Every structure is written in structure tokens, then in C-alpha cells.
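Read from first to last, the chains carry the letters A, B, C and D; within each, the first residue is number 1.
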Amino acid sequence: MDSASPELGIAVIGYSFMGKAHSNGWRNISAFYPGGPAVSQRVIVGRDRERVDAAARQYGWQESATDWRAVLERDDVDIVDICTPGHLHEEIALAALAAGKHVLLEKPLANTLDEARGLAAAAATAQRDGVRSMVAFNYRRVPALALARELIAEGAIGEVREVRAAYLQDWLADERAPMTWRLRQEQAGSGVLGDLGSHLVDLLRFLLGQEVQRVTGQLRTFVASRLGEDGPEEVTVDDVAWAWLGLSDGAEASIEVSRMAFGRKNGQSLEIYGSRGALSFDLERLNELWVDEGKGPRRTLVTEADHPYLFAWWPPGHVLGWDTTFTIQAAEFVQAIAEERDPSPSFADGLRVQGVLDAVVRSNDLRRTVVIDDLV
Amino acid sequence: MDSASPELGIAVIGYSFMGKAHSNGWRNISAFYPGGPAVSQRVIVGRDRERVDAAARQYGWQESATDWRAVLERDDVDIVDICTPGHLHEEIALAALAAGKHVLLEKPLANTLDEARGLAAAAATAQRDGVRSMVAFNYRRVPALALARELIAEGAIGEVREVRAAYLQDWLADERAPMTWRLRQEQAGSGVLGDLGSHLVDLLRFLLGQEVQRVTGQLRTFVASRLGEDGPEEVTVDDVAWAWLGLSDGAEASIEVSRMAFGRKNGQSLEIYGSRGALSFDLERLNELWVDEGKGPRRTLVTEADHPYLFAWWPPGHVLGWDTTFTIQAAEFVQAIAEERDPSPSFADGLRVQGVLDAVVRSNDLRRTVVIDDLV
Amino acid sequence: MDSASPELGIAVIGYSFMGKAHSNGWRNISAFYPGGPAVSQRVIVGRDRERVDAAARQYGWQESATDWRAVLERDDVDIVDICTPGHLHEEIALAALAAGKHVLLEKPLANTLDEARGLAAAAATAQRDGVRSMVAFNYRRVPALALARELIAEGAIGEVREVRAAYLQDWLADERAPMTWRLRQEQAGSGVLGDLGSHLVDLLRFLLGQEVQRVTGQLRTFVASRLGEDGPEEVTVDDVAWAWLGLSDGAEASIEVSRMAFGRKNGQSLEIYGSRGALSFDLERLNELWVDEGKGPRRTLVTEADHPYLFAWWPPGHVLGWDTTFTIQAAEFVQAIAEERDPSPSFADGLRVQGVLDAVVRSNDLRRTVVIDDLV
Amino acid sequence: MDSASPELGIAVIGYSFMGKAHSNGWRNISAFYPGGPAVSQRVIVGRDRERVDAAARQYGWQESATDWRAVLERDDVDIVDICTPGHLHEEIALAALAAGKHVLLEKPLANTLDEARGLAAAAATAQRDGVRSMVAFNYRRVPALALARELIAEGAIGEVREVRAAYLQDWLADERAPMTWRLRQEQAGSGVLGDLGSHLVDLLRFLLGQEVQRVTGQLRTFVASRLGEDGPEEVTVDDVAWAWLGLSDGAEASIEVSRMAFGRKNGQSLEIYGSRGALSFDLERLNELWVDEGKGPRRTLVTEADHPYLFAWWPPGHVLGWDTTFTIQAAEFVQAIAEERDPSPSFADGLRVQGVLDAVVRSNDLRRTVVIDDLV
């Protein structure tokens, strides 16, 4: 911390799961990235006065607030971190950018392709005035996946040809699991496709440095109706989604995402096969990257000081948790701000992901392969 | 062995990889299934006199021969075991059935759907005279997979919804790997789809007891030309194939088969998710079945005397090899003959598999989902 | 947080590895245990003014100090958390207890059995005035191990008979690794035995609820001399240690601890075999407990809200890191203080562990089995 | 097979578990080692006429016999393969050697050190007349372990320092498991120590090429009495055994063998730590060798044609079973005979192992470390 540099004031909007995870990042940033800019947890914003008060105390925020518009006007807030459900992303993010605040926005960028286009355009405009924006695809910050990206870029596995990816959960496997807003299209946008599929599409682009050009998709809702507060209610989003993606340099990826995969809690797995090697990864063992350079898969415990992001964490073998990704993400964002450069993934990246998800839906509706046109 | 019952005389046609594997089964059948009918390794048939002689000595056959038609006329041959490449299946199998020989036929049933229809019809006719026929889908004989089928049938994992299957090898990952007959459509019929995809389709039907009704497929050849004896030659079959299969009781399966998956030697893996449990399996650890009945995946070492097929093998934990499946397969076939019942999988089963493979190709060509009509 | 209850002021002594880890616990305690007493990170203490200043900023402490005696006199310090090397434990902890401060003391309790006896006696005396003390055996706080203890106590695996435990690291495997104070007996007390062996002995007592009564031990130094600042210097502690421990209810445990186990970074592993089941654990995959109740080992991902300590963390499958244990440890300590009960493990527990380590050394010297007499 | 060379006639004595496993080896030898000398399964010998007849038919022997002495006189028997319980080894093997027969003897060499000395002396004498003898330590023939030995000999992991080995089974974990002759010292010699411990001691010597010089041992019987045919009977052998072994070039090995390890069926595991690398192995996944040369453990699937023993087996990834070791063992023995060289492990090797087991018992009795003197 350079004592001359001013602190960056943070406001987070949302106090649920993602609000808690992002708060964890802001609270721990200085412990692991002591050389970076100082941050101050100014205010947490939520609709319920009592709950947002409790969240402020619990997660280390100096204040709480219920009116996000008022927060955008505060001079002591430099960064707005948006952790609300997707249908609120557009309104809040546009306002925050207009107010000149740097914006960190939880994924996916938006619920619809139109909204995503608008957000990307606004971010591009704001960027000209030095206002930074980033989408919170936190899995880019898993050290093992950041290492995977480096290895691929260095050519360690040759030309990537075939990717087999899945992200499997099981919280809907029980048909008695109740209705929630996440299963209504008007609020959630889509089901598992947007929720977990967006992560895989982002990771593909991140890891391979290729764009998706061709999409075949299939969606399926296994349990068509669930019990809501007023009786049975139709589920209007997908329980499981599949896609094959043709990428710009010739790789082919298959994707499967599910909320019905009995017994898989957070089962993100990636297998990447190249012409001279292979990589694999499983999020439930996120400290491990498996690398095959020709003599069998080798387990690398990605906990060394010279691994990505890890110069200031724990000794080798002292494994990291899932929440680590939010600390790293926060650090990356403020570092970019301090260095006056654009952070990654940008809203334009978020739009690219949205374009792929949209193509999956179209392919499913048409029952045929679709090509992705220019998005902007 | 009932000393009153006559021995069954066996002829095997083909002395390459599958000829060796099938011979291994015939040679060891009595050691592990002492109560079954006795068999006699009469004759092995191949085109090259010197090599078939060597094979006879090596694999324990009493005689060798180069003319399969002459062998079909021998009275001391009761069973004809066909291990030739696919384009010879039709001619030999039809002749063998016509000669009243029981026929064990290496998978896939045929190279084309038309050939498959003819073989299924001939088998149905022969069956009326007590002539038995079976397709050699050997992975049905992996004890762990036979146990999986039992568990699913008993309802241990509830209603099956989602299956994620792959069969990945890497012998074509190196672009310098040379041209072979397996990469020419006229001889091999198809590439990895017929070779490995047929196993997965058969296993799906076997494990779930459901038929495939809807197919979306994609094929890809990554290395379009390879060096043959006369210079570069076009590869006319698929290196990788993908399919989504809609099954008759509502399950959805995704399949990926590859010869380009760097580092995977014989990587057949299955994940089966039901409404109340899940199963998984990996052929490179074929003694293990993972069963999740609600508290996490449990590793069952399928080596107990009360596990399928294992009453006469080794003590618990003394693991079995891949070649075990051929011994069990041979035993199952002769047991069915002795009991005068039809063995499984029948040629009609083989035809069903062929229908699915054919639909994958059509879907790939059309770039859209296809429905499987009645096959016969 | 009850607004009526005063905050507990914390002072931590030491800013190295353990100081950082303990600070992490204090910083995050309220986020995950919001119902507990509030804490305030008052002051961090270290000898080097510049480094302790930096540590305060980095780890979230309000102040820094270089004189631990002065800190003990502060009224706004309620808890003293001692993270110094072992040879300083006795002096600081005795003074802190005498000053009426609650004491959290990094393991092992002391470098010698005599010091350990003195500390246990002082803690017992202080306890009569409501002053609490605890040894920081953080692995008791791994949720998977806390669950293992519950399962054993409930009889899930029957009577425990055989335990096979190891704690393997490799930072001395390279013979060119330099001399450090940790390899000098006068400062470190012992080598890997006290460092890692103490954890295993504590875990055995914790998990089984049995005392060690009989000890056979062996120590070995593979690299007898290492390069120090003034040239080669003799290593006076053990690189590897082994022990067999006879426990009070009849269990037998074998222990192996090493700093020479090439490739093992933090390889603590436990296998516990009972009369009706078995458990196993590996610290490099610390979210997983393997439970065998008769049908094979089952992987439990210990990330559910009803697992020990986890009611306020992340959703299932969102895995925890090693540093989690320090947050839980801190929460346990302040909860005990708030509830006016003695926390566990006590200094008496620390003394028991020390008695076992001492017996290992004696057994090694005598080359024979020794019996542990009454320690106090 | 050179048609000029005469077949080697085999007699096996014993038709139980080991008789079956050895028969499996003799039956399959020519399929996988076609270049080697031909063998003929002449006769199987057992006490029970009916059972030995059945065994002959089942396992492919031309004849059966009940009088092993008569078999030793047959001219058409060149090799005697002794698969009886240990207390019969001495008498039969001495007679076979005296009759000029090559002898393959199931491990351990003998029940007592005296018997072992006599057998080693007789083998040395017979060897002068070209009579070969070998102890059937079959795990030397696991391709993964043979590869491990090669890697160690080549220096791939540097100087071996620390070995952690176990062989864990659970067939006595249930206290209601009945009495058998294996639990009576007069018949079995010892319990798990001789049965499974002998394998580990042999493997240590095989893998490291070092001799055991110093031994600390501990034995334990957890269930002191079991139900026999005439009521409760005392168990007079060990259920669990532990040892630390000091080896001739400075390595230290810890060994744990058990019949009480709930859930472990055939759990032989080895971890070998050297100065520049590490190896590990698990018999329940016997096709896999894990090699760490500095960047993490790498899984080698030991199924390639250039791996030890595997030039004539199956394609890569087509995994081998436990019974493979007996085929390889038989092939190694006849190859040595054909090449007129002494096979390994010799009876002298068997005696070395016996010396270590004896020292474990003495150390347990004395409760102190013992040094192994010259054995012969």
C-alpha cells in the first residue's frame, strides 16, 4: 500500500450468496495482495433494512443502505459491485457507469442478448473516460485454471482439438424440490444454461483464446411442474442443457450442464485434448490440475508461490478454497483500476458468452445447428 | 461337465487382435465355469497359412485352416466365432447360419444398415431350427457393468434421466500416425463411431433397457489426410463422433467417442444419473463400480463371489483384467446353447445399434435431429 | 452479535506464517459465525518495527507493537494469541495468564516436557479465575475430521482397532535445502516429530477419545549437515519419525512423519479401521471424508450445512480451504469464552501430546518400547 | 517354439487357491510368450481323488494323481510346482530336488528359519547339476512393479530413503469369522506376517536391491479366540504385524500388514521416496504406477508393449488382471530353464525373507530392535 494513494471505496449491491462471496473477497484482499491499492468496504446495499444491517455487520461493511441510486451519488464510492439477480443488472449497471463508477458485475452479463448489447456498448463508452468494468466470471481466478490457460498459450499441449466439459449439480434432482424464482424465465432468463453454462462458455474462451462460431444445442426440463407457494407451478426454464461448440481455430467442445445430476454438488469438470498433450480439472478438487505431456496424467497441486496468483498465499500443499477466487477477482479488478488499464473479462466478453447461450436456445428451438453472426 | 454331454467344437475365423482375445476366452472357459458344457478348440481360420499355423500353436487350437467355407462343412464344428473385419461379416455369418452352425459375431454387426437387416433376418430364421447367434459386445460381460444393470433394474437409482458417456482413445492423436484400412470407409464402414460408438449404444440399451428414439449427431475428422504406402491418402471416416440420444422411457444420453483424445488409452466412462441415485464406471479401472444412493459415491470393488459372473473366479480384491470379458462371453454363449435358449445380445440387438449409428450419420449430414423409424 | 456484549480485543504475537494464518481467522470470524461474540483486531506484536507495521496493515490489525510485555498490560486486550516459535511459548504464555488474559497458543504446547508441565499447571490455576486457554491444534477444526470424530463416537465403525497415519512433507528432500533454526534442537525442540507428529498424536486422541499408553519410536536424520550462513552446520533434529502407539481402549496406531517424502507437500493421511467400518482422510483433499460401512469406501463431500461447523459457510460442493480451520478455531475459542466454559484442546491436552512425543524420543534412544507414566 | 526342443512336462501339487492360480499360468503361457519353450500340463496332484479329478478337468491337466512321490519318479515330469500349505514345503521340495526336478515353490519358502536354511542349501546343491528352483513371489511379475524396479535401478528417483508399505486385508475383521488352519501356528507358521508380510519384504529387496539389516517389529492378535468345529479355539498367530526395516544402503522402510483392515480386500500399497523422485503403487489398481520426478505424481498405465513383460499382451489401456502375474511367473521360470540360468527369486532369496520375518518375531518378543546376523 502506497500511503500516498487514496483508498478505493467499495459499494456492493446484494447481500445474498453472491453478496457474501464478493464481500469475502473485499475483506481479504489486502492480506494476500499487500502491494495493491487499498480498498475500503464503504457500504452494502439491499432492499430489506434489517437484513442489510445484519449483512453489513457480518461481512465487515462500514454502512448499509437500501437505496442503490443514492449510493451511486456518493463521492466516497469508487467501485460498484453488482450482485443482484440478472434482471436487475441492466438498470443498475447502466446507472453506475453513467455515474462514473467502476463496475464489477456478477455473471451472466444479462438475461437477454439485447440487454447484453446495451451493457457492452455502455461499458465501451465509459471506458473512454477511464471508467472500468468487468464481469465476475470468478472461475478464471482458480489458480489451476489460470495455469491451464498459460500452459495452452505456451503450446504445452499443442493445438487444442477436443474439449469435453460439464458442470453438474443436483439441487433439482429431487422432484419435490420447491419452485423458486430461478425456475421462472421472466426472472432468471434461463435455467442451468445461463447459470452454469455461462461459466463453461466463458472458460472455453478464456482457456483456448478462441471464439465460438457454430452451435448445436439441446435443452430439457425433466420436472415440468414444482410446488410453489400457491400450489403447483410450471417450470419455464431448462433443467439440463447440452451444446456442441465449433471454435474459431478448429477446436470442438461439448458441454453438459445440469441441476439434475444426482450426487454432484458442484461438479465442474474439464478435459482438454490437444495434439501433443492434455489437461483436466475438477472443481470439487480445485487445487489440482492434471497435465499429460505424453507419459500419463500428472497431478499438479497448484499451491506453489510461482503458480498464478499465489505468490502471497500459503505454503505448498496448504490448499485453497472456492472462496479464494473472489479475493483474487477483487484484487485483479482494483489492480487494473490502479494501473489505468481495462480489466478482463470485459462486458464485451460477457456479450460474447451471451451470444453463445442465445444460439444454444435457438438451436434447440430449431432442432438444427446454428452459426453465430456478428454480435454487435 | 456332464460326461454324457458331447463337446462343442469351436472354429474361430480371424487371428488378429480379436482372434487372440476370443481364443483366450475359449481356452479358459472351463477353468472358471466348470459346470458348463465342454468345448474343444478345433480350428482357427486365416488367410495366411504361416501366420494361422503360428496362431494355432500360440492360442491353443488343435488345427489351422485357410478356407473358412471348408470349415463350415465340418461335422465336428458346432460354433463359428467370426472375428474378421466388418465388411466380411455378412458373407461368412450368412453361410455359417445356413450351415446350421451357432454363430458368435464380433461387433459391430455389420458395416451398413442393409447388411445388418439381412443378418438379423437370417438369424431369426435360423433360430427356428435351434441355431443360436450372438453379437460379441463384450463389455456387457464386465462384472461391474452387469452389476450396474441389476441395480438399475431393481430401481436402486430410481428413474434414469441423464447419462453421460464417453469412449476415448488416442491412437490417431499424432498426425503422423499412418493410414490403415480402418480409416477407409469402404472397408471399415465408419471410423470411431462404429468402432467405439457401437459399444456405448449397446451398453445404453443393456443398462437402461430403453430404446433410442431420437438422435442428434456430429462427426469430425481432424486429420484429413495421412501417409499411406503410396503417399498421402484421404481419411474417409470420422476421428471423433458425438451424439445425443433420446430414449424410450425419457432418459437423455450424451455420447462422445474419439481416437484423438491425447493420453486416453481405453477411456470408456459412464455416468448415469437417476432420480434417486447415480452410478459411474471407468473401463481403465474396470473392477470398480461407483454407486451413489444419496450420501456420496461409494466404490464397490466388483470382485466378490456373489457379484455377476464371479462365483468361480478369485478371492475378493484379486482384480480381473480386460480379457476376462471374453471368457465370460464364451461361457454365456455355450450355456445358452446347452440350455436351448437364445443368447443375448442377439443379431436383432445388433441391428438396433446399427440403426442408431446410421441415424447419427444422417443427423450429421442434415445438421439436424432425426427420429428413428421402425428398423425392420 | 449482541450489541450489549462488549467486543473482545485480540492481540496476536508473531507475524510469520502462523501469525498470518491466525490473523486470517480473526478477520473472518464474524462473516461465518455472526451469532458469536464480536472481536476486534487490536494489535499485532513482533520484534521488527518495520515488518510488524507492514503486517498490521496487511492483515487488518489496528495497531502494531514490538513489546509484548506492554501489550499484556493493556485493558483493551482480552485475548493473547501466541504464534511465536516454541522456545518462547513458556515465558509469554505464563505472563499472559498471570495478566488474566485468555490465551490461544500455537502448537506444540512447548519444546520440552518440563515446560509443558509448567504451562498446564498455570492454565489450571488461571482457569479457576475464569481465564481460558487453548492449544491451536487447528486440524481438529477440519469439518471432515470433526465429522469423523462424531461418527466414531456414535459407533459407526464399531470398535476402533487399527489406525495408520502419516504426515509427509518434502521441504528437506533436497539435500541442498539450507540450514534453518527449525533444524537446531535448542530452538525447535525437535524436528518433524514435534512439528507434524504432534498434530497426529493430537488427532488420534481427538478422534478416538483414547489415551496413548505404550510407545515404540524411531527417529532418523537423513541429511546430517546442511549449509548455514557460516558454512556447513550439523542438523540436530529428526528428518523422519515413526511410532507405534498402544491406546487405552486397545487400539493400535502407526505413525510416520517426514520432511523427506519427495513430492508430498502437505500429505497428512489417516486410515482408521474399526470392527464394523472404516474411515479415511487426506489433508490435500480436506473436504472429503471416506466412510466405509460395509459396502466399500464412500466419498462424503463435507460441505453441507449440517456438517460440523458449516451451518454458515457456502452451498454444498463449494469447497473450503486449509485456512478455514483458523477461522473456525478462533470462533470456537471466543464462543467458549462467551459461554464461560473451558475450550478444547486445553493445555492439559497439549501436555498429553508432549508426553507422547517425549516417549518417542526415549524409545528411540533406548531402542525399545516404553510405557507412559503419569505425566503430572 | 522351436520344434526341435522337447516340451517341458509340468506337475502341480495342490488344487486349492494357489493350485488354481498356478494352473492358470501354465495354461496361458504359450499365448503370451509364444517364443518360449513349450510346456505340457501333465498332472495335478492332490490328496482327495474326486476333487483332484475335477481339478484336472477344470484347469486343463491331462491327468490327476494322489501320490506326489510317484509323480516325482515320472520321466515325463520336468518341473514340480508346489502349491501346498507351508508345513509341507520342506519335505516335497527336498524330494523333488533330489529327484532332479526343477522346482517352483509357493511363498513363503518355509514355516521356519531352519526349514528355510535346509531348502536353500538343497537348492544350491541341486543347482550344480543344472536343477533350477524358484520361489513364487508372484508380485515381482506385476508389470508396474517390474517397471518400478527398473526406474529405481536407473536412478530415476535418486537414492531411495523412505519406503511406506502396507498389505491390508479384512477377512478377519468380523470377530465371528471362524477358526481355520491358517490361525494355528503349528500349521501356518505365522499369521499375516508370513502370509502378506513375506510379500512386502520380498518386494522391498526386489525393488531396492538392498538387504534388511535392522528390524523392529510388533505383532498383535485382536481376536484371541474364534469358533472352531469343536467350539472356541485359541488363535495362535498374529492378526496384524508392523515392522521398521533398516536397509543396507541406508533406506528405512515401514511395513504394516493386516487381516483386520475393514474394507480393504487386497490392499497392497507402496510409497517409495527417493532423493530426486517418488513412486507409488496400489495392488487394487495394479495396472497403474505413479511416478513423481519433480512436478507431481504421474499416472502411468503400465499396459504398453515396451513395458516389462508386455510385448505380447493387449493393446494399451486394455488392463491386466491379478492372474496375469502367474502366467508371467511361469514363463520366466521356463525361460530360465531353457537358457540354463538360475531364475530369480531363488531359494536363497526366500531364506533372506524368512530371516527378516524371524527377526520381526524376535523383536516383538524382546520389545526391542534386533540386528540380522548372517543367515547361513
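In the analysis below, a residue touches a chain if its C-beta (ideal position, glycine included) is under 8 Å from a C-beta of that chain, and two chains touch if they have at least 3 such contacts.
Fair warning: this is a prediction, and the values are worked out from it, not measured in the lab.
Counting C-beta pairs in contact across C-D and across B-C gives the higher total for C-D. Among the remaining chains, the Cα-based centre furthest from that of chain D is the centre of A. Once the centre of each chain is set as its mean CA position, chain C and chain D turn out to be 43 Å apart. Per-chain Cα centroids separate chain B from chain C by 55 Å. Within chain A, the positions touching two or more other chains are listed as 264, 296-297, 301. Because contacts link each chain to all the remaining chains, their graph is best described as complete. Across the complex, chain B meets chain D through its residues 1, 17, 20-21, 23-24, 27-28, 30-31, 34, 54, 57-60, 169, 264-267, 283-287, 301, 303, 314-324.
Contact residues on chain B toward chain C in their complex (touch as defined above): 291, 295-301. Residues 157-158, 161-162, 164, 166, 168, 170, 173-175, 216, 218, 220, 222, 240, 242, 244, 250, 252, 254, 256, 258, 260-264, 271, 273-278, 292, 294, 296-297, 366-369 of chain A touch chain B in their complex.
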